Amino acid sequence: MASQILILNPNSSDSTTEAVDRSLDILRGNGHVLTCMTLKSGPIGIETQAHIESVVQPTAQLFSDTPADAYVIACFSDPGLSLARETVRAPVVGIAESSFMLAIGLGYRFGIVAMSERSIPRHVRNVRSLGLENRLAGDWPINVGAEHMDGAGVVDKVLRVGRRLRDDDGADVVILGCAGMGRYRAEIENILGIPVIDPTQAAVARVLGLLSLGYRKAA
Amino acid sequence: MASQILILNPNSSDSTTEAVDRSLDILRGNGHVLTCMTLKSGPIGIETQAHIESVVQPTAQLFSDTPADAYVIACFSDPGLSLARETVRAPVVGIAESSFMLAIGLGYRFGIVAMSERSIPRHVRNVRSLGLENRLAGDWPINVGAEHMDGAGVVDKVLRVGRRLRDDDGADVVILGCAGMGRYRAEIENILGIPVIDPTQAAVARVLGLLSLGYRKAA
Amino acid sequence: MASQILILNPNSSDSTTEAVDRSLDILRGNGHVLTCMTLKSGPIGIETQAHIESVVQPTAQLFSDTPADAYVIACFSDPGLSLARETVRAPVVGIAESSFMLAIGLGYRFGIVAMSERSIPRHVRNVRSLGLENRLAGDWPINVGAEHMDGAGVVDKVLRVGRRLRDDDGADVVILGCAGMGRYRAEIENILGIPVIDPTQAAVARVLGLLSLGYRKAA
Amino acid sequence: MASQILILNPNSSDSTTEAVDRSLDILRGNGHVLTCMTLKSGPIGIETQAHIESVVQPTAQLFSDTPADAYVIACFSDPGLSLARETVRAPVVGIAESSFMLAIGLGYRFGIVAMSERSIPRHVRNVRSLGLENRLAGDWPINVGAEHMDGAGVVDKVLRVGRRLRDDDGADVVILGCAGMGRYRAEIENILGIPVIDPTQAAVARVLGLLSLGYRKAA
Amino acid sequence: MASQILILNPNSSDSTTEAVDRSLDILRGNGHVLTCMTLKSGPIGIETQAHIESVVQPTAQLFSDTPADAYVIACFSDPGLSLARETVRAPVVGIAESSFMLAIGLGYRFGIVAMSERSIPRHVRNVRSLGLENRLAGDWPINVGAEHMDGAGVVDKVLRVGRRLRDDDGADVVILGCAGMGRYRAEIENILGIPVIDPTQAAVARVLGLLSLGYRKAA
Amino acid sequence: MASQILILNPNSSDSTTEAVDRSLDILRGNGHVLTCMTLKSGPIGIETQAHIESVVQPTAQLFSDTPADAYVIACFSDPGLSLARETVRAPVVGIAESSFMLAIGLGYRFGIVAMSERSIPRHVRNVRSLGLENRLAGDWPINVGAEHMDGAGVVDKVLRVGRRLRDDDGADVVILGCAGMGRYRAEIENILGIPVIDPTQAAVARVLGLLSLGYRKAA
């Protein structure tokens, strides 16, 4: 029987959820079902710590109410990961941590394209808490609000930061520090000439691996 | 005018709050007021991630409603630290992080006496996220529930773990991984013969330092 | 069309290849074909550096001669990884490196059950070269020759080392440092009560993820 | 009874001692007495290793001859720390180490404004010996002699290095690598917009904390 | 009786071997004989992994056939080090690893002048596998093919990278990432004003030390 | 002309100097002269920080008064290294740092046999300041006073600690944490079966290498 994977966009933007959903098409069709949901009660974008905390319990509650074989929290702040893991008896993964774990198998030093300046300390804490700081080449912001992620200018800004990470910081892998930029991955990858990671894709691929191997918990 | 420091015990146990309060007497009387409060809505003890998350927003709310010059979250899981920091315009510190920062100035390798097995991964994440893992000698549990922290047996169990940390792991400082054990610090310190840290004392001393230096934010 | 994954056992033991093959059944049936091959020209077991080097070029040659969408080198010394990567235009992964990358997402500190004393420096070099030494809890040998991997005593020896890693070194994930022990994974996992990694399974799951995400190179 | 804290400027410049003394006013008045002294026999400035060594024994001697509850060595090379600690039965702290310990609680990566090129290896050794190198964002010199620390140009030079640390190296805390620049802290902090640390203030605050907690030794 | 040291240039270029030979003159004349040989079967230059692997077994074979008291593999990729160590009962050292070990005793952070972009990941792996990544300031390529190592332009390119390493990355020691550039060391050292390491010289000096101390194996 | 190497025993014990002198015989006879001297004004043994500091300036003075091509400070606390380096225009090395640098080329993790408990924090600081803590397997004391270094029991005590380092901590190299134990090295090495380092031998070999390579400063 097909595995059910629930990917939750913890902000309330259906257009982000749709963007996430489309970017996962490359992972569909192998005996599992990927279902993307929007956390209706979530904030319009997750930029502050208050936004993060506001989705922690609703995320765990929604997971608890929605049986699935595995769960992905599709926000680069990995909100509510610990609680969700404790709540459901199935693997739960965050997209940021998953992107770091993928990155160390694609190159030697990864760089992060941050959405905003203030998210960088959160990234640093996350990378450090995984013991991976020595693999981090750099982390610089494009300073674009969640509401302007569709504009043509976004790719240009990502490329500007991507080149800095590659040329000045020596990164050979670049992580897009955001849930919904998978649609731009191919274009950015072609231009930069090094692997680019969409964290949501990374997380779904990871969780499919965990399921196929029979692990019932992620950490 | 005297600085007001609010120390919040985020569990609902008034006896723990009283124990914390008494252990802070050594820090009183220098032009500041230390007020210990119980989070009435908190769980009886903070052992699970659900307990942790349940106090995050109430803690920030209580801080927001209770003007003070600085805030201490008196639980070794440092629950709600990031949100509280974003919410109030005053320094907020956690007791676990503060104990690690104090420890590196008292010895070369610190050990942690954990209350339970399952809290250890939380400690590891916290220590790693501060970049201090190379200072951590060991972390072993006494496996005592919060409700049995008063029994005479507790000190013996702490001493057993403390000796293991000192003799097998090479720790020269020991941290009591719990908010309310300050009352036992002197006794344990005398027997072990190395500095012992009560995290709540560490946090209050730190925050008094930050205030006196004029810093308006901790990180 | 189905992806073709070639898993090469670089020693000449067909019984090891068969054991590897069976342990991969849990990963079959999702639109890809897993083919296990024996390197006929390989040594009977890979224990020395001479054994390792003797398979480097034959492995790359065999990969070059055998079109596939991805390749796995099924030996815990990760022999010939760099050459194979340079030779074929498809992802190539080693089982040791893949097991470390999986381990950091299953727990906080991983331990390695080494087959022999002399393989430990190779593990250390490998873990260090990936920047993951701070995640390594311990690495201790069972000292069993490849030719005795079938005996009933093997599981007991692995358990003895596994308990040491878990109880003395604080490991919460254990890696079986060998290609063909997947058959024992469930039993060992049940007894130890923490996740156990079969490196070949880890590598195949990783490579399936890389393929599904469209990455053409691993590193 | 009031605690007596002795802050020793180990160079012979009374004007530096006065500058240090004034910068400590924010820490006065809470039941302790802060006394700044000049080491008469010290060199006019501490720039070379010979200068450092020349004050080691006089510092310990002076501390031994001058009863106090705690001692601060107010030179960013932390000269004579180990000997002083062995000599007196009271906490002794250095200002450089204290500034690093404070910095890790104010931000994620700290930068150092060095007085001269040749002091940088000393800083690196000190940061490394505390296990904090992964928190160090950068360390660049202003190359101003101790005798020109009063000129208006000093602040401009510090700001130039401070901006480099903040913008190029990603520092979110800046340490003034000198004993007597506390008078400029507020101005520099206002312009840079991130916390700035005067090491002498950091050290005095730390030692007051140690005393209030009853620790009789620092390390 | 005089010790015999065999230094093998594993590429087939006699002119490189001659350049290496001359650069070792400063190490001659103290009761040992330094013999430089060319691996006739080697590639014209060692730039790819295929080049590296092609010399692994011939190197061990040649060492096995050529009795000596110690062996040096004179290629900055350290090809075949592990096999050679297992094959002969005498110390074998690589020039890259030896240059790192020398560098940490000459300064605080070393930089590497890489011959080409694609060699950098190999350097990173090597530095990391020795646990020395925290000593590495930077690693940037001059992108010159082995066949153009004689041109006057080479020194200029090395100097350009050397200044970047010194001024932007804070390196106080520079390693020439190539076997045959010892002839330029003095000139580059004079201009840069910091120690410059020729890896082959570093390796020969190291092996002479090991022999004089009576160690029969390097690692 | 022969190089002159001055090895200074900074304690006043001529018998220690003689022991050091004899242990250097294996390094004699290659066109350099090794002269061991006793610092007459030194303490009988160097056990406390006061002992260390008391020899710092006399050591630099003696070096300054005694022309040589290189200098070794033969005490495992590396006393006065920085001052001596600043004072003379020739390489000066410490025996502890030199032993660590040698150890990383002889094995994967080194252990230290400390003379006394209280020297361990000094070792940790030294190892950390060189960025080598991840190579340190363990450091345990034999607790023998300098005056009893000749007794037959010393070797037994060293072996007891050496076995603990090898078997429990995974060390594959052992450093004798003392200047004058070279005479026991062969015996201990034979029994333990892994390389054993006499720090003074390590330092002299290192300095001979530096001289032969033409470096005028160590760091």
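To keep things simple, chains are lettered A, B, C, D, E and F as they appear, and every chain counts its residues starting from 1.
We adopt the following convention: a contact is a pair of C-beta atoms (placed from the backbone, for glycine too) under 8 Å apart; a residue touches a chain by one contact, two chains touch by 3 or more.
The model shown is predicted, which means the values in this text are computed figures rather than measured ones.
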Chain F and chain C - chains in contact with each: B, E
Centroid spacing, where centroids are CA-atom means, of chain B and chain D in whole angstrom: 28
Inter-centroid spacing, chain F versus chain D (mean Cα positions, whole Å): 32
Centroid spacing, where centroids are CA-atom means, of chain B and chain E in whole angstrom: 52
Residues of chain F touching at least two other chains: 107-108, 121, 125, 128, 130-131, 133-134, 172, 219
In contact (per the touch rule at the top): chain pairs: A-B, A-C, A-D, A-E, B-C, B-D, B-F, C-E, C-F, D-E, D-F, E-F
Interface residues, chain B side, partner chain F - complex: 107-109, 134, 170, 172
Chain F-facing residues of chain D, complex: 48-50, 52-54, 56-57, 60, 80, 82-83, 85-87, 121, 125-126, 128-131, 133, 219
Residue ranges of chain C touching chain F (in the complex, touch as defined): 120-121, 124-125, 128, 133-134, 138-139
Residues on chain E engaged by chain F in the complex (per definition of touch): 26-27, 29-32, 93, 97-98, 101-102, 104-108, 130-132, 134-135, 172, 195, 201-202, 205-206, 208-210, 212-215, 217-219
